[in-house]
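You will see chain A twice below: alongside chain B first, and alongside chain C after that.
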Partner chain A sequence: MTSTEEVESISEKSERLLNISMGPQHPSTHGVFRMKAVLDGETVVKLTPVFGYLHRNHEKLAERTSYLGNMPYTDRLDYFCSLTNNWAYALSVERLAGIEVPERAEYLRVITAELTRLQNHLAFLGFLLNDMGVWATVLIYGFREREKILDLFESLTGARMMCNYMRFGGCRCDVPDGWVEEAKRITDELPGVLDELEQLLTDNEIVVARTQGVGTVPGRKAINAGLTGPVLRASGVNYDVRKVDSYGVYDRFDFSVPLGSVGDCYDRFMLRLLEMRQSLNILKAALNELPSGPIINPKAKNRNLRPPAGEAYGRIESPKGELGFYLVSDKSGTPYRYRVRPPSLVNLTLLEDMCVGQKVADVVVILGSIDIILGEVDR
Partner chain B sequence: MERMASHYRKSGGRWLGSGILRGMGVTLKNWIGSYFDPSRLVTVCYPGERLPLPENSRSFPFLIYDGDDPEAGLRCVACRICEKECPPECIHIENERDENGKPRKRPAVFDIDISVCMSCQICVEVCPFDAIEMDQIYAISTNARFEPLRLHKEQLLKPNEYFRELSPTRSAAADARREAERAKQAKKKEAGKKG
Partner chain C sequence: MLDLETIIKRVQEAVPSCRIELVSNESHSGHHSLLVDDGHAVEVARFLRDAPDICLDYASNVTGIDWLNSTVKEKVPVTETVEGEEKVNEKTVEKTVPGYLEVVYHLYSMRLKQGPVILRMRTGNRDPDVHLPSLTPVYRSAELQEREVYDLFGIVFDGHPDMRRLLMWEEFEDHPMRKDYFPPEESDESPIDEQARPKQ
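Right after this comes the complex of A and B.
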């Protein structure tokens, strides 16, 4: 090959490359997320994520509001899973101020967190299939079941999504009459729904063709990038904060951590289905064993809380990964420094590595399989 | 640490297209089932038919008064704790003043900007007098952005009977707390008289 031909081929190639911008108004980007992609034909050569469209100064706001006043703002981080956000924040403040939590409150926290995981994964499946081109079937089936869980949240906490339920040293209110029975009924119903979803999806040739071998992340790379949650476990890494830290009363429940083997979109999709079954096991045990007693530590102070000077980090396994809150106190009524470790943002860092070499239509599926919520990514 | 659970990986159905057909069986079951099985028909025709809200459901705060006269029965003493604790700062209170300009224990102005309010109910939790509670109103669209959404004291005041109807459990608890407080005050007064 002569040098002129080489030059020609490079210039030809650069002429072939196409810059496209996906989002921020594109519905498949799950909110206001933008991707700048460089395409060679239909293959992605380069991809730059652009975020910040939903930035609302969450961390600075928290350094201005009281410890209690920040609790409702944490609902709005990952607005699908407000109860796990509440828990992570309450946990870090409890560590900072050294507050004990009564047993019944710990059980209620486990119950609400597992219900949150269930409804998040149901919605996730719907949106992932929506990204693949299923117009609404799975989304509607998922939302039909999610609705029942949201009704439970509403009768317990007063709100369907912005629950604002947990307090430092326990929970805000006790369960209303008949709530536990209703929760048990729904927990007994859900395995049938999961069977139905598995029958609908896991064998489907189109789902298999669209997801297997797409957006593969090897386990080593996933660890290096700091991925957590289902995205990490789909790559075969056994890491679940519920097992590693066993915060709350998770050490009392018998559940296993499903792991993927390849780390592609199919594993990430399948892992959520399997995780929901484990959540149901925990829920069943927790609802049966729910002890009586106070729901909040009577010594715990929520209003005008002034924790001793120091720092604390509380982390939990939220449905999307490890959600952590880092707090520094200077003995005043507001945190000196407040930092959120959002799982969605950290899981998004490998997006380019997952997408390069794939077709542009797969980018949408890969993004859907990470399960991001922009409220948490941008804060 | 417990080791991995079984994870299975499928590669389509037994023959090409059988997975899709199985899936279509599920949708068919759901579609036909919605004509016969009420549990598969989950929606209602919304504006005509409305599902009842659970008792704990909350939307925006309102002020409670006892008896028939809103001004006489006002529970709020303008201590301004809710104004201070409200995270988005949507409550605005001004004390009533006597002729010397000294503040009285009554609000002259009590405004809640419900376009800012995020329904967190922290004002309800911190109120020592059970004077503020969460309402269940919804569908509150207005034809202007600011003034109609700024609720004044007159719009916020609602009788205790309304709250009893809204939430029997919470209002009973609040009534019991107020009764106990009143008994304590009366005892104190009597003790003071004797002393």
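Right after this comes the complex of A and C.
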């Protein structure tokens, strides 16, 4: 039995509660994402994410297109990281059709994927600090470096963001003259930039105050909710697809997997900084050891590919988490089923749990620390 | 990693009344899967998650597949008597296999760093309102993905805490990822027909 006083206090409280809608047109939602929040004062009581503003049914379109025709369309999922999207899709088709990849192409894939991770995390730091109110300062530092990496992509693939670089059984084109040297030069410069960013941010009073103890996720909960990538590892779970389910030639490189201990926004922020150092280690080794040889398997069929009937699931460690492609073939030229496992969407499963009990201003920081991209969330 | 035969045996020991069978996959990936009956799927998933040597604690990918009615040609031996002599001829008979919807779960073990084990569930038909049990109580990662399957394929997950559309708006009526779905503009009954089009 509820006593009369309790009933009164609930109704009093419900009068006090305030419903607000954040987004879809809000700069801190990283695109067209909407959250319906219920506030008690400034504290979040309930938070419901609303999806679908950027939905264009990517999967249905892909099921009406040839296997090769889908490759440029994967660029548009996570439009910051087109090269890792290409790789995940190519990996699944290669598993489905049993296509081998030559060594040089595997190295080029590792190099481009780690460059992608670097530029994604640099932009992430800038946007996160934007969300904390440091308007554009860190973002410009991050974009300055990202620009150099995008220039590398442009001279390699012809496009800065929509790279459409990988093919089943290899890559589309070889590196131009001087590209490796330029990539090495940029890789050698980046540790200094990271030092600068660390000096600027890690002990910064505002960053510490806004992120430590905010949006904490315990490791067990993170596993059950399927969080992946930096968000998972910030909660102390050692799980990196590059190590666990090694693809390409990642087993040849010496790198460690940074882990957080608390699982709050600060750990998620620090983890990206530490991950960039490891990416630089991989890049340095890959650029030095880049073997000569063909960049695409001459036997691999790309146009009019008709894989044998069956299914395959390929997954990679994209900068945002575990990106997977699940394909079902019915021997025809278009996939019977084409499914993208979007890390950005699944990482939002715990958004409400992270935000409840926090202040409304923290919601913006928590969302920023997850690092979502709406092209991939809504597909 | 335990092989699937052993996992089937262990599941049958733990959940004796469940029907579980191996679905083989002929592609190069070699990803075979387990078909579980929907009455016991939640129990089976809970066992797979909690058994210490299997420990599939992480559901990576949840998705649906729409299988349309298909015709399979089978050769059936027919005994015919022609001019007093008995002959065995082969006759081709077309059989219709009714369509169904399928949900696929890719399970991994984060603790043991193994996987995948692929679970499948099937509906009996392709009716607009088909039901399957939700695995969200076992794997929270299925929460948004099952909502997406409901939205795009029209499978209602019983036991899901928040069974709403994910990507399409609430008033939307159809399920676009079904193979027989056509958006209104593309259907034959489109109001914009030849008469209405401006003449060139």
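The working rule: the second predicted complex is superposed on the first by the 372 of 379 C-alpha atoms of A that agree within 3 Å, B and C clash if a C-alpha of one lies under 4 Å from a C-alpha of the other, contacts with A are read in each partner's own complex, and residues count from 1 in each chain.
As a convention for this text, a residue touches a chain if its C-beta (ideal position, glycine included) is under 8 Å from a C-beta of that chain, and two chains touch if they have at least 3 such contacts.
This one's a predicted model, so the numbers in the text were calculated from it and none came from an experiment.
In this overlay on chain A, chain B fits alongside chain C without clashing.
By the touch criterion defined above, A:Asn297 lies against neither chain B nor chain C after alignment on the C-alpha atoms of chain A. By the touch criterion stated above, A:Tyr266 is placed in contact with chain B alone, chain C being left untouched.
Between chain B and chain C, an angle of 100 degrees opens at the CA centre of chain A in the superposed model, to the nearest 10. Once the two complexes are laid over each other on the shared chain, residue contacts for A:Pro72 go to chain B alone; chain C is not touched. Of the two partner chains placed by superposition, only chain C is touched by A:Val346; chain B is not. Residue contacts after overlaying the shared chain place A:Thr334 against neither chain B nor chain C.
Note on the superposed arrangement: chain B and chain C approach each other to a least C-alpha distance of 9 Å.
With the contact threshold set out at the top, residues 244 of chain A are in contact with chain B in one structure and with chain C in the other. Per the touch definition, chain C reaches chain A in the complex via residues 25-29, 31, 57-61, 63, 65, 104, 106, 110, 113, 115-116, 118, 139-145, 148, 152, 165-169, 176-177. Contacts from chain A toward chain B in the complex involve residues 65-66, 68-73, 137, 141, 144, 147, 151, 154-159, 162, 164, 172-173, 176, 196, 199-206, 208, 212, 238, 243-244, 256-262, 266-267, 270-271, 274, 278, 302-303. Of all residues in chain B, those touching chain A in their complex are 1-5, 7-13, 16-20, 22-23, 25-27, 30, 42, 53-58, 85-87, 118-122, 125-126, 134, 169. Residues of chain A that touch chain C in their complex: 51-52, 55, 57, 59-60, 95-98, 221, 223-228, 237, 239, 244-245, 307-313, 315, 322, 324, 326, 328-329, 336-337, 339, 341, 345-346, 348-350, 378-379.
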